[in-house]
Amino acid sequence: MKKIVLAYSGGLDTSVAIKWLKEKYDSEVIALCVDVGEGKDLEFVKAKAEKIGAIKSYMVDAQEEFLKDYAFPALKANAMYEGVYPLSSGLSRPLICKLLVDVAKKESAFAVAHGCTGKGNDQVRFDVSVTALAPELEIIAPVREWPMSREEEIDYAAKNDIPIPIGKDNPFSIDQNLWGRSIECGVLEDPWVEPPEEAFEWTVSPEKAPNTPTYIEITFEKGIPIALDGKQMPPVELVKTLNKIAGQNGFGRIDHVENRLVGIKSRENYECPASLLLIKAHQDLEHLTLTKDVLHFKYCIEQKYAELIYDGLWFSPLKDALDAFIDKTQEVVNGTVRVKLFKGNAKVVGRKSPNSLYDLNLATYAEDVKDMFDHNSAKGFITLWGLPTKVNAIVNSAKASK
Amino acid sequence: MKKIVLAYSGGLDTSVAIKWLKEKYDSEVIALCVDVGEGKDLEFVKAKAEKIGAIKSYMVDAQEEFLKDYAFPALKANAMYEGVYPLSSGLSRPLICKLLVDVAKKESAFAVAHGCTGKGNDQVRFDVSVTALAPELEIIAPVREWPMSREEEIDYAAKNDIPIPIGKDNPFSIDQNLWGRSIECGVLEDPWVEPPEEAFEWTVSPEKAPNTPTYIEITFEKGIPIALDGKQMPPVELVKTLNKIAGQNGFGRIDHVENRLVGIKSRENYECPASLLLIKAHQDLEHLTLTKDVLHFKYCIEQKYAELIYDGLWFSPLKDALDAFIDKTQEVVNGTVRVKLFKGNAKVVGRKSPNSLYDLNLATYAEDVKDMFDHNSAKGFITLWGLPTKVNAIVNSAKASK
Amino acid sequence: MKKIVLAYSGGLDTSVAIKWLKEKYDSEVIALCVDVGEGKDLEFVKAKAEKIGAIKSYMVDAQEEFLKDYAFPALKANAMYEGVYPLSSGLSRPLICKLLVDVAKKESAFAVAHGCTGKGNDQVRFDVSVTALAPELEIIAPVREWPMSREEEIDYAAKNDIPIPIGKDNPFSIDQNLWGRSIECGVLEDPWVEPPEEAFEWTVSPEKAPNTPTYIEITFEKGIPIALDGKQMPPVELVKTLNKIAGQNGFGRIDHVENRLVGIKSRENYECPASLLLIKAHQDLEHLTLTKDVLHFKYCIEQKYAELIYDGLWFSPLKDALDAFIDKTQEVVNGTVRVKLFKGNAKVVGRKSPNSLYDLNLATYAEDVKDMFDHNSAKGFITLWGLPTKVNAIVNSAKASK
Amino acid sequence: MKKIVLAYSGGLDTSVAIKWLKEKYDSEVIALCVDVGEGKDLEFVKAKAEKIGAIKSYMVDAQEEFLKDYAFPALKANAMYEGVYPLSSGLSRPLICKLLVDVAKKESAFAVAHGCTGKGNDQVRFDVSVTALAPELEIIAPVREWPMSREEEIDYAAKNDIPIPIGKDNPFSIDQNLWGRSIECGVLEDPWVEPPEEAFEWTVSPEKAPNTPTYIEITFEKGIPIALDGKQMPPVELVKTLNKIAGQNGFGRIDHVENRLVGIKSRENYECPASLLLIKAHQDLEHLTLTKDVLHFKYCIEQKYAELIYDGLWFSPLKDALDAFIDKTQEVVNGTVRVKLFKGNAKVVGRKSPNSLYDLNLATYAEDVKDMFDHNSAKGFITLWGLPTKVNAIVNSAKASK
C-alpha cells in the first residue's frame, strides 16, 4: 500500500488529516511528531496519531538541531524580517521538512503532507523546502485542499471518532518553538487594538516585572552564544534560560503589521525573549569587532537572508552563498556582552572582545593618553573626500546661489 | 580689512579662536551664534563674542528650520547611523554651514571658521558642507591648526582676558540640539563600563520613571508629525514636548560603538527621546501604508541616507536624488500611531491610516468575514515560486542526498 | 450587452479570440489595435477585426507616447534586464494596458482581454498593469484559458471563417516595437545553437556591414536624446533613424539565456539597434556628468528598475519612487556623445558636456597644466583611508603571517 | 645598515629612487622586479638596478600566481569597475605588495618603497596593501615625496649616472600585465578626442582585423577557464593565447571616463582582450547555470568586489567574505562557451553545461515537446503576485483616475 508521511502536531487539523488522507489517497499514513521546543507532550501526541489511524508514529526531539543548524545561523545574520521579527516559525519549517523527507525516504513514501492553510507563509515554506530536498516527492496540503469549513471539519471529526479539543477555544492562533512564539487572529486582527495581556504566555507585562534590574553576560564564539554569566552552556539550555530570564523581565514582545509572501499584510504579535536578546547582544558585539566595511555591507546580506527564510527559500543556492559570506565574517565575533534587563528593556551596557577593533589610543580626546592619530592627516583626507563635492559645486553652480 | 565668520558656541575653544583668528589672519572676526535647540542663552553668548573681540555678532534661532529642513527629511528616511543613532549632530552641521555661508556672503568675508578638532566627524561635515555651498570660501579650523595643548589654550585665554569656564569641569564632551544629545569621553571611553547616571540630562533612568504607563498618539501627514494626541502642534513645540514626555519615561538612551568617517571606532552615548520615538512611530506607520516592494527597497535607501549625513554629504547630488525617492514614498504615509511609554520602553500598540494597505478581509482566518482571497491561487503561486528550486534540485542533485 | 475590449494584433490567436470571447462570455468584442512601431498595416488589422466579428475597432498610433512615457524613462535608468536586454516587450505592455483601460472605461466594458499564453512574462505584465489601473475590470486571457491545441485552434478558425495566415510559417515567434525586436522558438531553443541569419530582420550580419565606419553624434538633454549629428529630431524619427543606421552597421544583436518571472529560464534573441546604442551613449555621458556617489548608487536603482519592468510592475508605487530618484539625477545629464559604428561595434569615442565633472587641471599628470591638486593631501587621505585596515591587521594578526 | 625594499620597474622614476632612497634614508636599497606579464626583460632590469646602486636585486616571475590568486578570483566576480574596466592594474598591486612584504621580512628591512605619484589610485593600493600585510613596515613613496619636477629629475639622473631612456618619449603613460594594458595621458586627456591608433599595442583596429570570423570554445570549471577549444591549458598560456587571438580580431579596447578613489575623474583607455573576453564568456555561462536569485543578488556583490579592488582593499575582511560568497556560487559554473570573434566583436553564440538550469521541456512553446509546465499555475501565481498592486490600487485610487 502507498504511504504518506504527515507532519503531525496533535491538533484538530492534522488529526482530521490522518483520516482524510487515508480515504482520499487510499494510503497508509505515517505521523511525524517533531519537538522544536513547543513544550508539548510528544508521547501523548504520538499515541494520539496512532489511535486515530496512523500506521506508525515517529517522535523526534529536534531542539538542539533546530538551534545549531537553523536558529544560530540566522542569529549570525541578525535575521529579522522587516527589521522586526526573528523568524521563529520560518526557521522551524525547513527543519521539519528535512525530517519529513528523511522519514519518507526511509519508509519509501510517495508523498509528504502538512497541515498548512492556503493563506499563510508556511504552506510555501513546506512545499518549497520539500521540493528542494526531494523533488520527486508529492506534497499534499489537506487543509488547503479539502472543501470543509470549520464546522464541517468538526462534524467530520465527530463522525470519525477523532478527539475534538474541548473547553473554551484559545482565541488566538499560536505557533511556538525555542526561537519564539507567534500569536495571531482574534482581536489582534485590528491593528489599532492593543494586544491584550491574555495573548502572552512567555513574557510578563513590563508593569509586573521585577522592580530591580537583572544583569547578564553572554559570551559568543564565532558569532554563537556559548556561555551565560561566564558559565559554558549547551544551546538548548542556554536559550531556554534566556527565554525565562528575559520573559520574567517583560522583554521580547513584538507587534508587527507584516508583509506576507502571498501578497497580503497581516498583523502579527510575537514573544521572542531569547532570540531578540541574542540578536541585540550579537549586533553589539559586531559593532566592536567588525570593520566598518564589513558591518555596513553585511546589512544588505542580512536583509536578503531574512527575506529568504521568510519566503521559504532556506534550502536554496543563494542561502548557501550568503551563509558562506556570513560565516567568514563571524571568525572574529568573539567576546562578551553585558546586558541590563529591566521592565521590558534589554540594554547592552558593556562589551569586550579579544578581537575588539576599538582602540582607546586612537579614539580618545583625552590628553593623558598617547595619541597615535595624526591630526594633520585629517586635513588631507577631507580635501580629497570633499573634492568631488567641490568640483560639482563649481561646475553646477553652488547650491546656495539657488 | 579682511573678514572671517566664525561659528561661535560660547565655549573655550571658539572664544580663544576669536582672538587667535584676528592675530593669525590679520582679519576681523564676525561671530555667528546659532540656536538649534541647545537651550543656551543666545544673548549672553552674543555679548561674550563681542566682548572678546568680535566686531559683530549674529544670533539666529534656527530651531524650526532645523526640524523642517533637516531633521524631518531624515525622519522620513528613518535615518539612523548603523541602525542605532538618529544623527542629531550630523543633521545640525549642514544647517550651521548654510547660515555661515549666508553671513559670509552678506559680509563679504573671505573665510568661515569652526571649532572642530582633527579627530571627529564634524570637521568633515563643516568643511564639505561649506565647500558645497560656496567653493570659493576659505575654511579655517583653528583648533585643528593651532599647536596648543589644553593647558596652553587656558594660558592663552588667561593672557588675553578670555573668560575661562569655572567650577568643576563637565567630565563629558556634550553636543545637543532638538534631535538629540551626544555624550562622549571620560569613563565612557571604556566600552565595557556602563554609562553612569550623571552622563544623562534629558532622560531619567528607567528605574526612576513613573510606575504607570503614558499613552500618546502621534499623527503624521506625508511622513511628518503634525499632531500630538489629536492636537495640531508646530514642529518645535511637538519635538520639545516629546523630548520631555519620553525623557520622563526613561526612553531614548543609546550606547553605541560607532565607526567614524575618519577611520576609527569610538564609543558614543546619546539621549534621543523625541527622535527615536518619532522614528519608531514613523516606521510602524510605513509598515501599514507602504507596499512590500517599496518598504523593502527603501531599507537600502535609508542606510545610504544615514551614511551620507554621517559622512558630511548633506549638500550633495546623491542626497537630493534620495530625497526625491523618499518624498515620493511619503505621499501615503498618513495616519496615527499609538505609543505606550513606560520605564524606558516605547512600544507602538496601535496604528491606523486612511491609506492602510492592511485589509481585514484578505488577512483574516476568521470565517465570519467574507473571504476575498482565493485559496486555490496559492497552489499555483507556490508551483511557480518553487519552480527554480525544483529545477535546481533535479539538476544539481537534491540537497538531502548530500 | 456586455462588452470586452481585446488587445488585437491581427494574428491567429487574437483573431480566434474575437469569436471565442463572443461565444464564451456572451459579449460584444471591441478590438484595440495599437501601433508601437511594429510597422504593421493598422488599417488592415482594424478591418480584419471587424470582419471576424468585433463590433468596433480602435486604432491608436502610440509610437510617440511609447517613447516619451515608457522607453525614455527606461533609457534614463539604463534599464537592461540582467544587464543585457533593453526590455522592449516589457515596456510596451503597460502602455497597451493603459490604452485598453481607457477604451474599456469609455465603452463601459466589464473586461479586457489579451492574447498571452500561460508560460511567458507578458501575461503577468498585462494582468498586473490592468489591475493597477482599474482593479474593478475583469481580465480574460483566452489562449491561457481555452483547451485548444494549435491544430484545434486552426480547425476552430477554419470552421468560423477566420483567416489563417498562409504560406510557410515564420519559424520564430516575434514581438517588435521601436525599442527592439524579440525572436524566440524554433532552433533558438537550443542554447548551444548559433542563431541563424534568417532570424534577424533589423540588423545585417557584421560580415555584410559596410567596410568603412559611420560616425554619429547624439545630443542628450536631461538624459533624453534630442538631436542627431547636431540636428534636433523628434523621438520617433530619431529612434527610427538610429535603428536604421545601427542596424545597417550590424549593431544591436543580443543572445540571452534569461530568467523569466514565471520560474523558468528561456533562450531569447533580440535586435535592439537604437535602444542599445542610446543606452551605451547615455551611460557614457553619465560617467562624465554624474558624481561618483550618484553613479555608483544608481546601479542598484537601475537593476531594480529593470526588474520591475520585466516583472510587470510598471504601474507601482516603487516604480514611481525610482523615477523620482532617476529624474533628479538626470538634470545634469546634458551633452553630446560621439559614436563610431563599424561591423557590429558601437564604440563611444568622444563625449562633451556643459556639466562635465572631468577637470583637466585636476586629472592630468602633465606639467604644463597648472595643478590644483595638492599632492600632499594624498598622504593624509591614505592614512585615514587605510586606518581601519591597519587596526584590523594589528588586532587580528597580519595576513602575511598566516 | 637599514634596508629598504623597492618595487623596481626599470623606468626613470624608480631608477632615480634607488639613489634618492639611499641618500635620504641612509639605507641600503634592495630592488624587487616582478613579472606579471608585462613582457619586459627581467634580467636586464635586475642588472640595471644593481648598476645604479641597489645592493641586491630580486626577480620574481609571478605570472601564474597573478592569474590564479588575483585575476581569476576577480573573473569569478565578473569584476569590472564602473561596469567597464577589468581592473588589470588594481589586481597586480596587491600581489606586488605581498612580494615586497615577503622580501622585506626575509631581509629584515624597515621599509618598502614604490614609485607611485600622489595623484593616482596606485599609491593607495600600495600603501593600504602593505599596511594590511605588515602594519609595522614603513612605506616610502619617493615620487610623491620628493620636490623634483620632471626636468629636475632628469638632471638628478644625469648627475648620478642613472641611465635616462633615450629617443622619442612614449606620448602615453602605460601599465600592463596579463589582465590588460592601460594607456593614459597625452591627447587622451581630452575626453572628446578619439584615441589615436598609436595608443594601442595589443589590439589591431577592427578595420584591420581579418575578414572572416574566428570561433573559439572556452571551458570553465568552477568559474575558472581550464581549456581552449577542448584542449586543457594552464592559466598563463591560456590568457596569453586569448590576448593574442582576441587582439588580432580587434577586440578588447575600452575608453572610460573613470572616477578615481582620490576624488577626481580621469579619462582612461585600456586594451583587455583576454580579460574582457573571459568575463563575457563567464557571465554567459552563469546565466545558464545560476538560479535567478543567485544571479540577481550576485550583481551587488560583484559591484562591491570591483570597488574594493579599485580602492586598494584587496587584503581586507570584506574581500575575504565576498570571496566566500562567490566561491560558493561557482561550484556549478561548469561548461563550455562558444564565442565568435570578428572585427572588434566578441559574441557568445552558444553555451552548454552539465549544470544547465535551462530546461527545454519547461521553456519551449513547441507542441511536440512534452510540457511539464502547468499553464493553470500561472493564473494562481499572477493573482497573488498582483495582489499588493490590487490592494494599493483600490486604497490609493487607481492610477488611471489621476
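First chain written, first letter: the chains are A, B, C and D, and each begins at residue 1.
Convention: a contact is a pair of C-beta atoms (placed from the backbone, for glycine too) under 8 Å apart; a residue touches a chain by one contact, two chains touch by 3 or more.
The shown structure was predicted, so the numbers you read here are calculated from the model rather than taken from an experiment.
Visitor: Using residue numbers, check each pair in B-C, A-B or A-C against C-D and return the one sharing over half of the contact pairs.
Guide: Selected from B-C, A-B or A-C as the counterpart of C-D: A-B.
Visitor: Any idea whether A-D or B-D has more C-beta pairs in contact?
Guide: Between the two chain pairs, A-D has more contacting C-beta pairs.
Visitor: Using mean CA coordinates as chain centres, what's the chain A-chain B distance in Å?
Guide: Roughly 31 Å separates the two chain centres.
Visitor: Measuring centre to centre with CA averages, how many angstrom lie between chain B and chain D?
Guide: 40
Visitor: Where does chain D touch two or more other chains at once, residue-wise?
Guide: 259, 262, 264, 291-293, 300, 313, 316-317, 332, 356-357, 359, 362, 376-379, 381, 384-389, 391-392, 396
Visitor: Under the touch definition given earlier, write down the residues of chain D that touch chain B in their complex.
Guide: 291-293, 332, 355-357, 359, 362, 374, 376-381, 383-385, 387-389, 391-392, 395-396
Visitor: Give every residue of chain C touching chain B within the complex, in rising order.
Guide: Residue list for chain C touching chain B: 259, 262-264, 290-291, 293-294, 297-298, 300, 304, 308, 313, 316-318, 320-329, 332, 384-388, 391.
Visitor: Touching residues of chain A toward chain B in the complex: what are they?
Guide: It comes out as residues 82-83, 98, 101-102, 105, 117-119, 123-124, 127-128, 131-135, 141, 144, 149-150, 173, 184-185, 189-195, 206-207, 211-213, 253, 255-262, 264-267, 283-284, 287-288, 292, 295-296, 299-300, 303, 307, 311-313, 315-317, 338, 340, 342-345, 347-352, 356-360, 362-367, 373, 375-379, 381-382, 385-386, 389-390, 392-394, 396, 398-400.
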